[in-house]
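What follows is a set of structures to go through.
Each of the next two complexes has chain A plus one other chain: chain B in the first, chain C in the second.
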Partner chain A sequence: MLLIACPWCGERDELEFHYGGQAHVAHPADPEALSDGEWAEYLFVRDNPKGPFAERWSHAAGCRRWFSVVRHTVTHRILAVQSNHPTAADGTKPVTA
Partner chain B sequence: MTRSHRLPYGGRVDRSAPLRFTFDGVEYTGLRGDTLASALLANGVLDVAPSLYGRRPRGIATAGVEEPNALVQVDGPCSEPMRLATTVELYEGLAATGLCGLGRLDPTPDETVHDKMHIHTDVLVVGAGPAGLGAALTAGRSGARVVLVDDQPEPGGSLLAGRESIDGRPALDWVADARTELATQTDTRILTRSTAIGYHDHNYLLVAEHRTDHLGPHPVPGISRRRLWHIRARRVVLATGAHERPMVFAGNDLPGVMSAAAVRAYVNRYAVLPGRRAVVLTTNDHAYATALDLVAAGAQVAALVDTRPKPPADLVDRARGAGIEVVTGSAVVGTRCGTAVPPGDGGARIAAVRIAALDAEDAISGPIREVACDLLAVSGGWSPAVHLWSQSQGTTRYEDEQAAFVPAQAAQDVVSAGSARGVLDLAGCLGDGFAAGAAAAALAGFPAAAAPPPPCSGDRPPARPRPVWIVPGETGGPADWHDHYVDLQRDATVADVQRAIRAGMRSVEHIKRYTTIGTAHDQGKASGVSATGVIARLLGARSPGDVGTTTYRGPYVPTSFALLAGRERGALFDPVRTTSVQPWHVDHGAVFENVGQWKRPRYYPRPGESMAAAVERECRAAREGVAVMDAGTLGKIDVIGPDAGEFLNRVYTNAFAKLAVGSARYGVMCRADGMVLDDGVTLRLADDHFITTTTTGNAAAVLDWLEEWLQTEWPELRVRLTSVTEQWATVAVVGPRSRGVVAALAPDLDVSNDAFPFMTARRTRLASGVEARICRISFSGELAFEINVASWYGLATWESVIRAGEPLDITPYGTETMHVLRAEKGYPIIGQDTDGTVTPQDLGMEWIVSQRKQFIGRRSFRRADTARGDRRQLVGLLPVDPAVLLPEGAQLVADAEVSPPAKALGHVTSSYRSAALGRTFALALVTGGRNRLGETVYAPLPGGVIAATITDAVLYDPKGTRRDG
Partner chain C sequence: MSHRLPEHPDWLWRTPDPRRSYDVVIVGAGGHGLATAYYLARNHGITNVAVLERGWLAGGNMARNTTIIRSNYLCEESAALYEHSLKLWEVLPQELEYDFLFSQRGVLNLAHTLQDVREGTRRVNANRLGGVDAEWLDTDQVREFCPIVNTSPEVRYPVLGATLQPRAGIAKHDHVAWALARKADEYGVDLIQGCEVTGFLRDGDRVVGVRTSRGPIGAGRVALAAAGHSSVLADLAGLRLPVQSHPLQALVSELLEPVHPTVVMSNHVHVYVSQAHKGELVMGAGVDSYNGYGQRGSFHQIEHQMAAALELFPIFGRAHVLRTWGGIVDVTPDASPIIGPTPVENLYLNCGWGTGGFKATPASGWVYAHTIATGEPHPLNAPFALERFTTGALIDEHGAAAVAH
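Let's turn to the complex of A and B:
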């Protein structure tokens, strides 16, 4: 069971969180301008790397905040945690993967 | 019965505490401190049960968790199968029977309590042998929180079985001092009889503690039988020791063939002599101690056979000095079976070994000599117990010097120490443990002063072993070697491995599955690396390292489901949610159904009334008079903030921004792929305050969904979401006569249709004085009111509705009637009539999909797949025989005469008997359904084919004339 450092609540068991898939996949600003292929890319296509992976988690059974994590998909080691919210606790590091 | 094999002195057994027990119905006596296996051996009983497939006699082969043979079923109020005689502690009255590979599940409910503990620690040390004790001592001295777990009743590990000295004293005196010191450390916890069974992500380990099993099978008041510890550790030290490997030679499965280390444990720890005339077979230094200890205990050692041409001279000299014949460069190439000595003690056991010299290629190179014996102590080398290490995703590498797989690259914050990483001498293990403990504490933030380990004697670093992975048979080749056993529990032999290889298999994982090697209860603990060696030899591989091992999976030892379940069984299996009206429902005989975690009344049968009759009566009341339902389980979310209207506009397919204060609107929300996620009615209470309702079972998921979009896509929107499901009680008053009931309840409210139109809400004070919000919302098509009050007043308000409705024979109804009423109107239930592949258009709700604004999923409606005309669409079905009820889930086809494979047109999603329609009906998703109105489809079912006519989904009051009363 992963131990995830929620930017607001600190380290908690994975049980308290919901997984949100790959991070930094923004909803297209103007979906209507996209081709079917481009829209399908947004809907269905995600990275699946062996190694560091930026992904989203929500502290569903806690503060309900969404944040990003860089996790190594082989060792599950968490390399960075970042909130995109200005009021997050200090000490969160920028997410790069 | 005789205790013929008990030594007169020594051991960790309590001679003042004799314990009576029975095995296979025969009564014996053992001592406190015995395992079932040592007590049986003390009584001269060696064979526990025949093998699973070959029915060959099999004896106790080890003294621990790696035991492949000695499976037993332990009697008790609820008997337990698949225990190992080598790990069952003896108690007064123990009764067990031998199992040949298969246990019997006892159907009796297990009344003993199992529970769980969750703890955090700085340093977790697994194993309390010399390395583990050393690690715990140094880590504990640093002030770190330390947990030390060990599967034995007392710490000591291999020291319990040996005769070494530490600090000039017997090693077990040092163990006792160490335990005393650990007990004085305030933040150190020792868990004995506790096996680490799983090593999961981020240093999360599961430890199974057996708390009362050694006292007997009955519940002990005030203490759980077993406890599952969930331990999160900053650093882990794995001091799990090593397993001695068996060797593969002809007839290596006879009772009396035993691990040399186990023989030593039985002699020294349990004061039991497993045989009187032994032969020792070894590839390494360790079995010399076994031979010497056997002689010291009064047994005869007829020969010590060492595969190495030149074993260390000092060891050979000591053995010869004890009168032991040392045969070098040789191996046991066969065994001969006899009956037990003295006769009558049991079945078959080894009577002699056949010894021959081996050349450098492991081929027999000399004459064969037979030596009589009743015990063969075998050491095929040592395999570090890397099971937990491997579970932690750490890698291993093959070390030629040691002929063993040892830990290589760690994947988590863990180190191995002592023999668990291939350090096989006592001084090395102590030093390794002391260093590992100090390092672990320091890395956890507790710098520790490095203390030197105490000096020790009686042991030294071993010389290089000479593994012989397959001792050749006297005749034939590997394909003929049907009694060279590789896995005793699976009766798998060298011939079986050869057959797998001839079938084309090369990977150890494939060969494992083809031969079933390593798949029994012991998961090949002792024999797994031997199997790798056999495969390497047969493949002609350079070394076992080129073959590798199979994956080590948890749990490390067999674990009962009762322990995994803990207290989460029966009523505590899952939390139960009830509304404030629950006591009334119970008092009035409601039959409940589970909706998610909620208990909801399904119907309220009168005495003797069937479900069908009750539902028909409840439906009739709602359609013709007045009925009442507890709707408090509906999910409710407060959406508050200046941008709340804009937020809902983006989430729902229809518009909410301009909804008037005091009005309500039905909405559907979709995922980005355009599939329906949820539906419900949203009410605007103020410019910046909406309350939105969700499907009962979907409330948490919808809240998550809304938060996701609010936080990750639209953080600029000033909106806050709050779950208020539990804060509001909701009473639905339904039916053409409901208006009078509400008027009586809310005397200040003008309930006329003009003053209080459909889809509006009013705040009022009820006659009871309770503040209420009343909405005109209908999920039945009838005139209906939903009365919302604070949950505190839910029960009182419900009761006041019942009283006010009494003159009109108000009828409480449950979810079954609710479903019939809504289905008659063609209202879908998200999750029942939809399955995540259904768009609003598929449900016939084009009208709710805005063409003028953006919302989640809109773009998807232009995708080719969502726009095609032959999607499955929601329609009604009328069985041709109006008395026949279609089963929900039934597949539909176009022809009455159908033979597989047939293309399904769709399936039934909801199906009921309707009092209002006077017949059965159903809802279904049917390919291109709305273009098939009037067509007949068929449901082929085991009892025959049911024909039904496709209709519009709305079967009752399609013009909507009844909603205003």
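Let's turn to the complex of A and C:
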């Protein structure tokens, strides 16, 4: 079981969290301008690295906030946790390593 | 004196060094890679073939799956492909001259909610129209067919009925791999273990071979059959796939007297259970939610599936878990596989079988061999092309495949 440090609540069991897949996937600014191939890429294609992976987690059974985690997909070691809280000056705030 | 241990089997295939080039190089000696090699030789007379395996033969998901074989999928395209597979399973023990304990003991898919009942009856009707054997059982008939299922109305999720596919069942996975490997080897296919593919040899846009841990190997065509590692390999060829790799776990109990006559799957309480020939209860459930390549998942998945198993089978209350393990499964957005050519010339793709590709082993090999040999998909795999994610013609099997295997 993963032990994930929620940026607001601290370390909690994986059971309290909901997985959200790859982080930093922006909704296309102008979807109508996309070709079918580009739209398919946005909808269906995500990175799937064997190694460090930036991904979204939500503290579903806690504060219900979303944040990003960099986790190694082989060792499952969590390398970084980042919140995207709007009040943070730069939008991201590294919390633990 | 205790029983004598059986003789160690003779080696079933050669251990050749790689040649400089082959007509076809298959990457991955799991079930799908081996079946593809077998049918390339048997159906198409193509025998100048190597299967390259980074570990040992059939040590990936082929060694880790829970061996459920069935064809009662909802969509026509899937039912046709899996039914072709089931028909091949029915003839393969004879054809491969190897008894891999294929046992058509039936599969029950339990319904616990009104929605389950509607989904199940719809699937039974769809299956019958598609020529797949399927029956709807009410609660009493479920009890008759599998007396150890708790059909009491008092439980949290009472059994309201089930779909039954009588021709479904299980087989012994490692023997299936060895049977296919032996025949492929007899046809002259080189099975090369301890040979990791680390890149592709290109001539302009075309792939003309692979780089490996044992040196470069030329190839007329390169066919990926790397299951959980498909994205990693595709990445080396500059392709991004609509695939995510997840841990999928399973477990077995100690050996018990035969108590379980069939295979029971429940999407709703989320577990499936069969009893293997030796006597161990074999169970599994869904994937871990996160991406992973570590061949292990989180303990709560195991806990959850055992709780579900006890709810359905109170008789298992005193059984012990002997072993748990995980594999890496390649999951697509519509829970259907991808089989066909790729945008890279001479590079072919077979992946995305996710949690349920063991049952497809023969058909996957059959249609993939056809695709590689002719350059065109077989009618059975044409709908499963990579392009469906662009055209939108998805084959949504989440209902039939989500927990299911």
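In the analysis below, the second predicted complex is superposed on the first by the 85 of 97 C-alpha atoms of A that agree within 3 Å, B and C clash if a C-alpha of one lies under 4 Å from a C-alpha of the other, contacts with A are read in each partner's own complex, and residues count from 1 in each chain.
Methods note: a residue touches a chain if its C-beta (ideal position, glycine included) is under 8 Å from a C-beta of that chain, and two chains touch if they have at least 3 such contacts.
Everything quoted here is computed from the prediction, not taken from an experiment.
Residue overlap on chain A between the chain B contacts of one complex and the chain C contacts of the other covers 1-2, 14, 18, 36, 40, 43-44, 74-76.
Within the complex, the chain B residues that touch chain A are 200-204, 232, 393, 411-412, 672-673, 700, 703-704, 707-708, 711-713, 715, 854, 858-860, 862-864.
By the touch criterion stated above, chain A contacts chain C in their complex at residues 1-2, 14-15, 18-19, 21, 36-37, 40-41, 43-50, 53, 55, 71, 73-76. Chain A meets chain B in the complex at residues 1-3, 13-14, 18, 20, 26-27, 31-32, 34, 36, 39-40, 42-44, 56, 58, 60, 64-66, 74-78, 84-85. Partner chain A is touched in their complex by these residues of chain C: 229, 231-232, 235, 240-245, 289-294, 298-300, 333, 389-391.
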